[in-house]
Amino acid sequence: METLNGAGGLRAFLRGLPGVDQVGAEERAARLATRSVKTTAKAEAIDLAISMVDLTTLEGADTAGKVRALCAKAAHPDPADAAVPRVAAVCVYSDMVDVAVRSLAGTDVKVASVATAFPSGRAPLEAKLVDTRAAVAAGAAEIDMVIDRGAFLAGDYSKVFEEITAVKEACGEAHLKVILETGELVTLDNVRRASWLAMRAGADFIKTSTGKVSPAATLPVTLVMLEAVRDYRAATDRQVGVKPAGGIRTTKDAIRYLVLVNETAGPDWLSPEWFRLGASSLLNDLLMQRRKLATGVYSGPDYFTLD
Amino acid sequence: MVFEYAPAPESRAIVDIRGSYGLFIDGEFADGHGEPFKSVNPADESVLADIACADESDVDRAVAAARKAYEKVWGPMPGRERAKYLYRIARLVQERARELAVLESIDNGKPIRESRDVDVPLVAAWFFYYAGWADKLPYAGFGPDPKPVGVAGQVIPWNFPLLMLAWKIAPALACGNTVVLKPAETTPLTALLFADICRQAELPPGVVNIVTGAGETGRALVAHDGIDKVAFTGSTEVGRQIARVLAGTDKKLTLELGGKAANIVYEDAALDQAVEGIVNGIFFNQGHVCCAGSRLLVQESVAEEVMERLKARMATLRVGDPLDKNTDVGAINSAAQLAKIRELSAAGEAEGATAWSPPCELPAQGFWFAPTVFTGVAQSHRIAREEIFGPVLSVLTFRTPDEAVTKANNTPYGLSAGIWTEKGSQILWTAQRLRAGVVWANTFNKFDPASPFGGYKESGFGREGGRHGLEGYLNV
Amino acid sequence: MSDRLAVRKTYKLFIGGAFPRSESGRSYPVHDAKGRFVANASQASRKDARDAVSAARKAFGGWSGRTAYNRGQILYRVAEMLEGRRDQFADELRRAGASKQAAAAEVDAAVDRWVWYAGWADKLSAVAGASNPVSGPFFNFSTPEPAGVVAVVAPDSPLLGLVSVVAPVIVSGNTCVVVASEPAPLPAVTLAEVLATSDLPGGVVNLLTGRRAEIAPWLASHMDVNGIDLTGAAAEHVRGLEEEAAGNLKRVLRPGKDAWPDDPGTARMTAFLETKTVWHPVGV
C-alpha cells in the first residue's frame, strides 16, 4: 500500500475505493435508527455514551472560568450521583489547554485541543504546526485537526495527506483526530475517500465535523466512516477511532450512534478508546434520561448543572 | 463491550383475537359449511383462532352477494363516490395501523418492524392511490368510458396477507368491480380484520366478501360460473391449474406467480450498499417473497470480498420473536413451508454446494430457519433453479456482463432482478436485457402503488400497481 | 402466346428466412372458390412447427434489440413492397373467391393497415410506458417490451386478416410463427416472399401452411413459445389450445377479442407486451 503514496498513486487509490450509494446508505442508517433500546440495555448505553463524550466548548467567548466549570462537569457529570461515569475528554481551543489540564489534574479525563487554524483550516502549514505544538506543549493529550477541504475538493489529495502527516509528527505522543468536515465534503463518496486518506496519513481518529458547519454529524456520514475504519483495520490490522461531533443533542441520538457502531464496525469500537461523541448539551440529556430510568420519574433541566 | 439490546416486544394488547371467525359475506359474518380450521402462530405454534371454512355453497352465496352488489350498488355508483369509500378505507387502515401490524406479525410470523414499516403503510398507500383512479378512469388510456369486468374472484398468498389483499381489492373496487377474496389458510386474520374496516367504512354489503378456507375453497371460487375475473398470487403450479380451469371461458385472468430472481453484483458496485441489498433481497420477510433475490450472481473479481462482507453482515441479523421491535428475521410461516425449505436446503448440500449460517440461537418452539447462504452453487443445482421461498441464498459467479445476463435469464421465471454497479450505462444495458418484470438497480425489494409489478414467462401475466394495474379490472 | 405453358409457382413454407418444403414431404391441394385446383400448398408437420419456433427464437434477440425506429423503417419498407405487388395479391384473392373490386379493396386495406402498424414501432413506449412517481428517492420507469416468440393462428381472411394479426405482433419486437388460413394459404406465402425480400431479418416471421388442428396444438404446448393468438382457431379447439398454453403460462389472445376487421386499436400489440419496471435511487 505504501508504494501507492505518490500523488498519482494516492489519487488512483482513493478514486478506486468502492462507491457509496447515498440512498442505500441513508436507508441503512435510518433502519438502524429504528432499533429499540430499552430498560437494562438503555441504562448500559447511557453510561457508555457518557463515558464517550468529548465535552466541548469552542467559542470565541470562552474564558478560563468557563473552561474550569466545564472541566468540573466533565469529571463529575452528576454531583448528586457518584456512579455516573466521567466523560472521555474536554475539548477546547489550544490557548485554553493549560487551564483545562490544571483543572483536570488527578482525574482520568483527557484534554483535547482543536488546532490547525480550527475551524476553517485556512492558514499556512507552519501556523498550523505552531498551533499544534503549542497545544501539545501545554499538555493536550489529543489534537483535533481540520483538513484542508479546499485542497481536498480541488483534488489535491497529496497536500491534504502531507499536512496530516506533518501535524501527526508535531503531535508526538498526543493522539491525532482528523476532522473531515463532512458537511463541506458533501458527498458520501468524498467522506469515504477523506476517511481513507486521513487513516493512511496516520490519523488515530477520524472525526466528522467542527460543529461550525451545517450539517455536522449525521448517521449516514458516520455509517460510512465506520465502514471505512472497519475496512481499514481488515486491510492493515490498525484500528482507528471515530468521532461524530456536532448536532448530537439527545440520548436518543446518542444511542442511535452506538447502535450504528455496534452493527457496523462492531463491538471492538464500543469504548471511549475507539468512539467518541463530540457534544456539549448532550451530556445533560443523558443525565436526565439516566435519572428517569433510575427513579421512574421524568426529570427537568433545573436539576442538572449547566456546566 | 457487548451491546445486547434488551427484549423490546411490541404489545399484543392492542389486538383482540377472537376465539373463532366466520366468513364475511354480504356485509355480515357468517358460519361456513366446511370443516373449520385453526390459524396458528408460527412463532410458538399456539392456536390463535378457529376459522370458518367456506364450501361450494358458501362460495356460491358470496358470489351471489358480490353479483348483487355489483349490479345494484357498486357498478352503477359514480366513480367519485367509489373513490370516497376507498379513501375512507385508506384512512381506517392508517388509524388502525398498529393493530393490523401486530396481528399480521402474530398470524404470519414476520417481524413487527416490517409489518409496521412496510406492509401496513403500503396497504394504506395502495388504497389511497387507487381511490384517486376511481373517478379518473377515462384518462387511464383504456378508452373514453372503460367498464368494470364484474365480479372478481381473488386468491392471495400467506407471505404478505394484508398487502396482497390491498393489491387485489383496491384496484378492483376502484374500477367498479366487486370481489370475493380468499386469504391463505395459514394467514386469514388480517383479512377478517379488514372486513371489520369495510364495515366501519360503511362499504355497501357485498362489495367485499371474504371466504376463508384452503385449496378446495380457492378451487370452488376460481371455477365458479358467476365470476368474471380471477386474480391469483401464489405458486406457479397453482397458477397453471387456474389457467387450465379458465381455458375456453370468457373470464379474465391475471397471475402473479413464483420467481428465482438474479441479483447481479458487478465488480464496481457500491459494495456496502450491495451487501445491504443482497441481505434485504433474500432475508426480507424470511425470504417468503416471490421477487426475492434468491440467486446472487457476483462477478468473480469481487466474489471473495462480497462474501466476506455478506457473512459479516449476516452475523448481525437478529432472528427471533416477530413481535420484538429489533427482530430482523422472524418465523417461517408454517410447518409445511419449513419442511420445504429444509428439503431444498438438504438437496443443496447433497448436490455439493456449501451452506453457511451465522451462529444464531433459534427458539425451541415454532417454525424457524437460520439465514443461510450457499456457495459453490452451479446453475444446474436445484437450489439455483427452484423457488425455495425461504431465507436461503444461492451464490453463483460470472466473469462478463454477457455471462451475467445469460445466467440471470436462464430460468423459466421472470419476475424480478437486481443490478449493482456504479456505471450508469451498464445498468441500462443490463436492465434492457433482463427478462424480468421488475428490475431494481442499486436497490432491491422496493414496492409502491404507483409502480407496476408483475412477471415475464412463468412468473405470470398482468401487472399490479400503477396505471397498468387497472387493466386487469377493466373490460378492455 | 396462348400456346405457352405457364410456369407454375410452388408454394412452400417460410422458416428462418428460407422457403423449405415440409420436412414431412406432405402437401395439400388448394382450390378456388369454384372448387377448381389452384396449387398444392405445403402441409406443415409438428417438426416444421418446432423448426419454426427455433428460428423465431433465434431471431428474437436481434429483432427486439433493433431500435424502434429501425423496426418501423423495415415494416414501412414491407408496405412499400406490398404496394408493388398489389396486382399479384388481388389476383390471388380473386382466385380465393373475391370479386375484382373486393379483392382490390382488401389489398388496399391490407397495405394501409400494415403502414398503420409500422408507425407504432416508436410510439408504443410513449403510450404504454410510464415514469412512475413513487414515494421515495427513486427514479422509476416502465417500458413495454416484447413477450418473445408468439404463435399466431391466423384467421381465414387470407390477406387483410393475416396482416391484421401479424403486424401488431412483430412491430413491438416479437417474432412469430404463423399458421396461415387453411383453405386460402396462398396469399400468405406470397406475403412471405415479400418479407423475404424486404429487410426483415429471417426468422422474425415464420409461416406455416397446413392443418390448423394439427399444428396449433404443438405451438400451444411448446414451452419456448411465450404467447399465442387464437384469432383463427376454431371455436371447438379454443379450450384445448388454452389448456395446452397454460403449460408455460403463455399470454393468450382469445378469439373474438379485438376482432381484426374493426379499426384496430392498441390491444393486439399490448396483448404481447411485457411491462418492465426499473427502479434506481436518486442521489449524489
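Which chain is which? They are A, B and C, in the order written, and residues in each are numbered from 1.
Note that contacts are C-beta pairs under 8 Å (C-beta built on N, C-alpha and C of every residue); 3 or more make two chains touch, one makes a residue touch a chain.
Not measured: the values here are computed from a predicted model.
Greatest Cα centroid separation from chain A: this falls to C. The leading chain pair by number of C-beta pairs in contact is B-C. Note on chain placement: the centre of chain B and the centre of chain C lie 37 Å apart, centres being C-alpha means. With each centre defined as the average position of its C-alpha atoms, the distance from chain A to chain C rounds to 69 Å.
Spacing of chain A relative to chain B, judged by their CA centroids, is 44 angstrom. Counting partner chains per residue, chain A has residues 21, 23-24 touching two or more of them. Residue positions 138, 281 of chain C each touch two or more of the other chains.
Within chain B, the positions touching two or more other chains are listed as 442-443.
Chain B contributes residues 1-6, 8, 113, 117, 268-273, 276-277, 316, 325-326, 422, 442-443 to its touches with chain A in the complex. Across the complex, chain B is touched by residues 127, 130, 132-136, 138, 140, 142, 147-148, 226, 238-243, 245-249, 251, 254, 267, 274-281 of chain C.
The touching residues of chain B, when paired with chain C in their complex, are 125, 141, 236, 239-241, 243-244, 246-248, 250, 255, 257, 412, 427, 431, 434-443, 446, 448, 450-454, 456-458, 460-461, 463, 466-468, 476. Within the complex, the chain A residues that touch chain B are 18-21, 23-25, 27-28, 34-42, 44-45, 48, 224, 227, 258-259, 262-263, 267, 270-271. Chain A contributes residues 21-24, 26, 186-187 to its touches with chain C in the complex.
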